[in-house]
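Below are structures written as structure tokens.
After this come two complexes, each holding subunit A, first together with subunit B and then together with subunit C.
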Partner chain A sequence: MKRIALFSVTLLLLTGVIPAFAAQPIKIGALFAITGPASFLGEPERNTAQMVVDEINKKGGIKGRKVEFIAYDTQGDATKAKQLVNKLIKNDKVSAIVGPSTTGETMAILDDVEKAGIPLISCAAGSKITDPVKKFVFKTAQNDSLAVAKIYEYLKKKNMTRVAILTVSDGFGSSGREQLKAQVANYGIQIVVDDTYAPKDTDMTSQLTKIRGSQAQAVICWGTNPGPAVIAKNAKQLGLKLPLFMSHGVSSKKFIELAGDAAEGIILPSGKVLVADLLSKNDKQKQSLISFVKDYQSHFKAEGDHFGGHAWDAVMLLKHAIGRRGEAPAAIAAELEKTRNFAGIGGTFTFSPQDHAGLTKDAFVLVEIKNKDWVLVK
Partner chain B sequence: MNLSDQLIQFLLSGFATGSIYALIGLGFSIIYNATGIINFAQGEFVMLGGMVTVFFLTSLHIPLPAAILGAVAITTFVGLLFERLAIRPIRKATPINLVIITIGGSILIRGLAMLIWGKDTHAIPGFSGEEPIMIGNASLLPQHLWIFGMTTLAIIASKVFFNYTISGKAMRACAFNPRAASLIGIDVKRMVLFSFVISSAMGSVAGFIIAPLTMTSYDVGIMLGLKGFCAAIIGGMSSGLGTVLGGIILGVLESLGAGLISSGYKDAVAFIILLLILFIRPQGIFKRAESERV
Partner chain C sequence: MKRELVKYLLLVAAAVSMPYFFSDGYMMNVLVFVGINTMLAVALNLLLGFAGQISLGHAGFFGLGAYISGVLTATHQVNPWLAMLIAAIAVSFLAFLIGFPILKLKGHYLAMATLGLGIIIYIVFNEAVDITGGPSGLSGIPNLALGSLVFDNDVKNYCLVWTFTIVTILLAVNLAHSRIGRALRAIHDSEVAARVMGVNVRLLKVQIFALSAFISAVAGSLYAHVMTFAAPASFGFHFSVELVTMVIIGGLGSIYGSLFGATLLTLLPELLRTFQDYDIIIYGLILILVTMFMPGGLVQGIPSLLGALLPKKKEGRG
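So, the complex of A and B:
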């Protein structure tokens, strides 16, 4: 009897307790705006990050160690982000953090991660996140400046030098407007009308009438749905003949659905995820893109978008960095900085001590809307 | 394109937007005229009109006319429930309490709509195509004609109802003096319920008729509701022409402001007018001052 008891105790120890000593999971934290006004960013980001982590664990983890993924919802609120980042650092003791979703939240927590020395890979687009460079802060979302450069490059090629810009009066629009104005000199372009609209406006015919009466050769509109769809419809109503450019903020099927026939012929810069299957075989990102789109479709019955892609890139970058030199936060940051030519969803990343954003304007392609679908602009 | 052509377009656009505000404003004034309270959930009825139509069209694949009828029916039912569950149990409360309750109600309706339909924006195709109609060098969409028609119909109907039918007159009596009205045999509670039914139906009409132009999502009710409220205040809360003129003045000023000065001031124009009128002529610009305030 005694022997049997001893045997079962040993068995219990062997099966239950000992493996727990063997493999402590690697802890990765995440802050996303899963609910609230920025949930269109945070929700696909959380879904994607969780999906990638599950996938990694299914394949045996990173060097045999499981990954524990701890995600908190910031609701798009910078104050919440600040509280939660401290929770991740002090209570959960994570090795690295993915997110937050918006520029405002990211700016609010920069000091905390820098002081704690925990690497952060933000999924927000604002260029000021990594400019100037901070030792532990990286980002995966493409800078607005790259999208602007892509449009201006095209205009220059077509010999169009006078543009009208119509930007939304929120964070996304004003950052776009700054970039549009800052880069004109590099391309010999002149802004002849500089107008704005409010995010909830339902009629922009006044602004477009003013543009119609000007010398502009093209219109560039910078905003997120639904404003640009209203502008497309208004432009069609007014019979505006000028070519209409949009930002990457509307690079989703939703825009085509909202604008209907008025979307035809509109040109916009977009991350490559939208046109993954149209890319040439030589494109380095093609493999990552196709696998992301397919995985997302099978997990969530929805099309993967470039917002989810930012989280995909962040988790994969971490995976490679940890795979090379382990999970010590300082080692992760050092290894991230050494990333060269990582073909992700948002683009091909090459970080350096001077550049923690890692992308060039090749991260974007110009697409045109034809027959309610995207075609690549050559 | 010269300035006069531009001006015509600004006026036309303003007139079109103004008609939308007017239609929403009428809903405010009907409830105000029957109960003396301002129903800040009016914008949510507009949102429901659009969103339920979208839901019927895209999820259940019902043809447009039936989807619209369904949307009006459901929104009206929500208006009825709202009066029964939120307003009637506290009829003894002061108007200010009731106004705050309508604000609470609007947040609740908005939240439920978000949970049911998500946060996406949706569009409905135009009722009669989307080919612009040219008037000189200015243009309109066929949908604008639907809006003008519907607004005209709404003014005529409410004018006839409030001035020539027993129920309409009874409703006005309730607003003027509920106690006296009940003494002469008017069922005040029923009239209040009735006013919520009419204005929620009218809100839903505004909601589906503007959805092809402005698109709709769970949160369109806030801004549209405020603009409608503005229109009603300019018009002195009249249930007829006053509010309609109020809406059109507001729309035209917004459009001119955006076109000639800067679009940054568009919403400021609306709310500065609102404040000025509340300070200087709280009875509206078309009404003579009443000797007795209700």
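So, the complex of A and C:
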């Protein structure tokens, strides 16, 4: 009997949670994949968001009120994201949520934020997040479709019509593959090889050999580090002479480091943050970009990338929306929808009731890797 | 038997009272997952704790349950309850077929074979994009409903999931105390001795494997309808290991131990969130300490810890 009594006491102890309450700041929640396989997204996003919030608070907050930033780590897992979004909504009672980092996690929590009526600004790229449009869901990462359009436009200009695509079998790659296949008709392009590789593969020579034996005039690879670097190296070893295109998933210095000499001549679409100082003075985003890069460098001694940029955009969009009509979740969502020509890091955002992604293909520029650095492709 | 009844009634009382403590807070949501994880831990414990057969692929059965249910209801508009039944039968049938060759293996080889099985299932979830939605997940799974009662919020889901959990525990406790339960323990201690005593070792191992898969698939199906979403990342190798940890931390061969193991491993990360970046270290440390100082699991460790503390201080609660 004693044992039974102890069981129930333990159960109670284990389940007894004491939530911490704070004063009266404006609460913004965040879900990022800070650890786990998607940490290359979540970490810069969390860092950036925290940096921007600190910056806002240092300047006196939004309309004199401090911002409290509550970030949780989802580890890239949809189940955790679902639990944590409930925690943000029900326990922390946040006014708006930034994140999650990946499309899968975002899709998992859409119902919850819609039901609770809390605005969510996702930092994930998948087009299905905002298509169809949901009242409270926005996103700052550029749609994959825009990146694909940018590459196909270039190919068409160069009269290349047969391509080989090599995509990674994860969320990013499968979404890219979908878009690459969907848009061929618009540009008169034909996919002659459609192959995939697994995120942890360390050798892609077999896929590339297959491509070498085909009619392809160009290779488009869709993945995030380190896979594409392996592909670049393998292609060089095989003496593959075809022009190699990458996705915006590798648009950071890390890729050049990983691929070394093999990176030379690779062309990829990228957010403008990589080439901030190369942009013309008339570029509306230039001011935001330069200040973001400078702040990130001074805070974290590292180069700000466009992943951090997604969080920068999300927090700034919220700041402006809250600044106009206060922190009531419904008002934030309504004000976000009215955002016009906000020049952020990922692009110039114009939301409308029909469009909660807010970007056009001008959000991307094509860059080429030359002498271990980026140059703009005209 | 009376003791078992008291324990069981205490559990039911605790489960029923939870909604009154945490009416609509975030805790209800966490407790839903505690319930699902408890079902999984109990299912695995039947195999690991009683029959002594390890499985590092149970997340795969869990995922199959979720995906079969999810695809049938979201893509083919099958009734969710029917889908749950189909998922459970299909998965246990699969386990039954695979069980015969796999369960001939012992020790590390069995661990590797089940590990491989789990990984294969995980890869299918990722690669069969047209069916499963691939890495970005399957959405649009409907909630379960009884007539006009739709299980669409945390409290309702809690009642739904814990009904299943409590029935699972009842079944498992009864099974453990039956002739079959004793036969399973005999297999655990010595297969040869069990066979000599007239136990059909081969068939019984496969049957318990299939039963374990059945419960896991039901848990998976519940998961899918509660989450209304499924993504492969939740059913990977990591989760299989977590399930084994729950069973071991709770106490091998104790049904209530699995309840405690699942509760601890599901709640601990939530409680440790206040430590922010250091939570993983503390989490790991607690697990190490529990396995070092409570080799019999929480179910033996906590009473003996309390026993050591209580005589000195009347109000010590551990």
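Everything that follows uses one rule, which is that the second predicted complex is superposed on the first by the 355 of 378 C-alpha atoms of A that agree within 3 Å, B and C clash if a C-alpha of one lies under 4 Å from a C-alpha of the other, contacts with A are read in each partner's own complex, and residues count from 1 in each chain.
Following the convention adopted for this analysis, contacts are C-beta pairs under 8 Å (C-beta built on N, C-alpha and C of every residue); 3 or more make two chains touch, one makes a residue touch a chain.
From a predicted model like this one, the values you see are computed outputs, not experimental measurements.
Chemist: If you stack the two complexes on chain A, which partner ends up touching A:K233: first (subunit B), second (subunit C), both, or neither?
Modeler: A:K233: touches subunit B, not subunit C.
Chemist: Quick check for you: in the superposed arrangement, does A:S169 touch first (subunit B), second (subunit C), both or neither?
Modeler: both
Chemist: More residues of subunit A are touched by which partner: subunit B or subunit C?
Modeler: C
Chemist: Taking the superposition on A as described, I'd like to know which of subunit B and subunit C A:T103 touches: first, second, both or neither.
Modeler: After superposition on chain A, A:T103 lies in contact with subunit C alone.
Chemist: Which partner chains sit in contact with A:E257 here, subunit B, subunit C, both or neither? Use first/second/both/neither.
Modeler: First partner only.
Chemist: Do subunit B and subunit C land on any of the same subunit A residues, and which?
Modeler: Overlap of subunit B and subunit C footprints on subunit A: residues 169.
Chemist: Could you please specify the touching residues of subunit A with respect to subunit B in the complex?
Modeler: 39-40, 169, 195-198, 200-207, 209-210, 212-213, 225-226, 229-230, 233, 236-239, 254, 257-262
Chemist: If you look only at subunit B, which of its residues touch subunit A in the complex?
Modeler: Residues 1-3, 5-6, 9-10, 13-14, 16-17, 20, 119-123, 125, 130, 132, 134, 139-141, 210, 213-215, 217, 220, 222-224, 255-256, 258-259, 262-264, 266-267.
Chemist: Which residues, counting only subunit C, touch subunit A once they are in their complex?
Modeler: 3, 6-7, 10, 14, 18, 21-22, 24-27, 29-31, 33, 126-127, 129, 134-137, 139, 154, 223, 227-231, 233-234, 256, 260, 263-264, 267, 270-271, 273-274, 280, 298, 302-303, 306, 317-318
Chemist: Help me check something: in the complex, which residues belonging to subunit A touch subunit C?
Modeler: Subunit A residues touching subunit C: 1-4, 6-15, 17, 19-20, 35, 72, 76-79, 82-83, 86-87, 90-91, 102-105, 107-108, 110-111, 126, 128, 169-171, 173-175.
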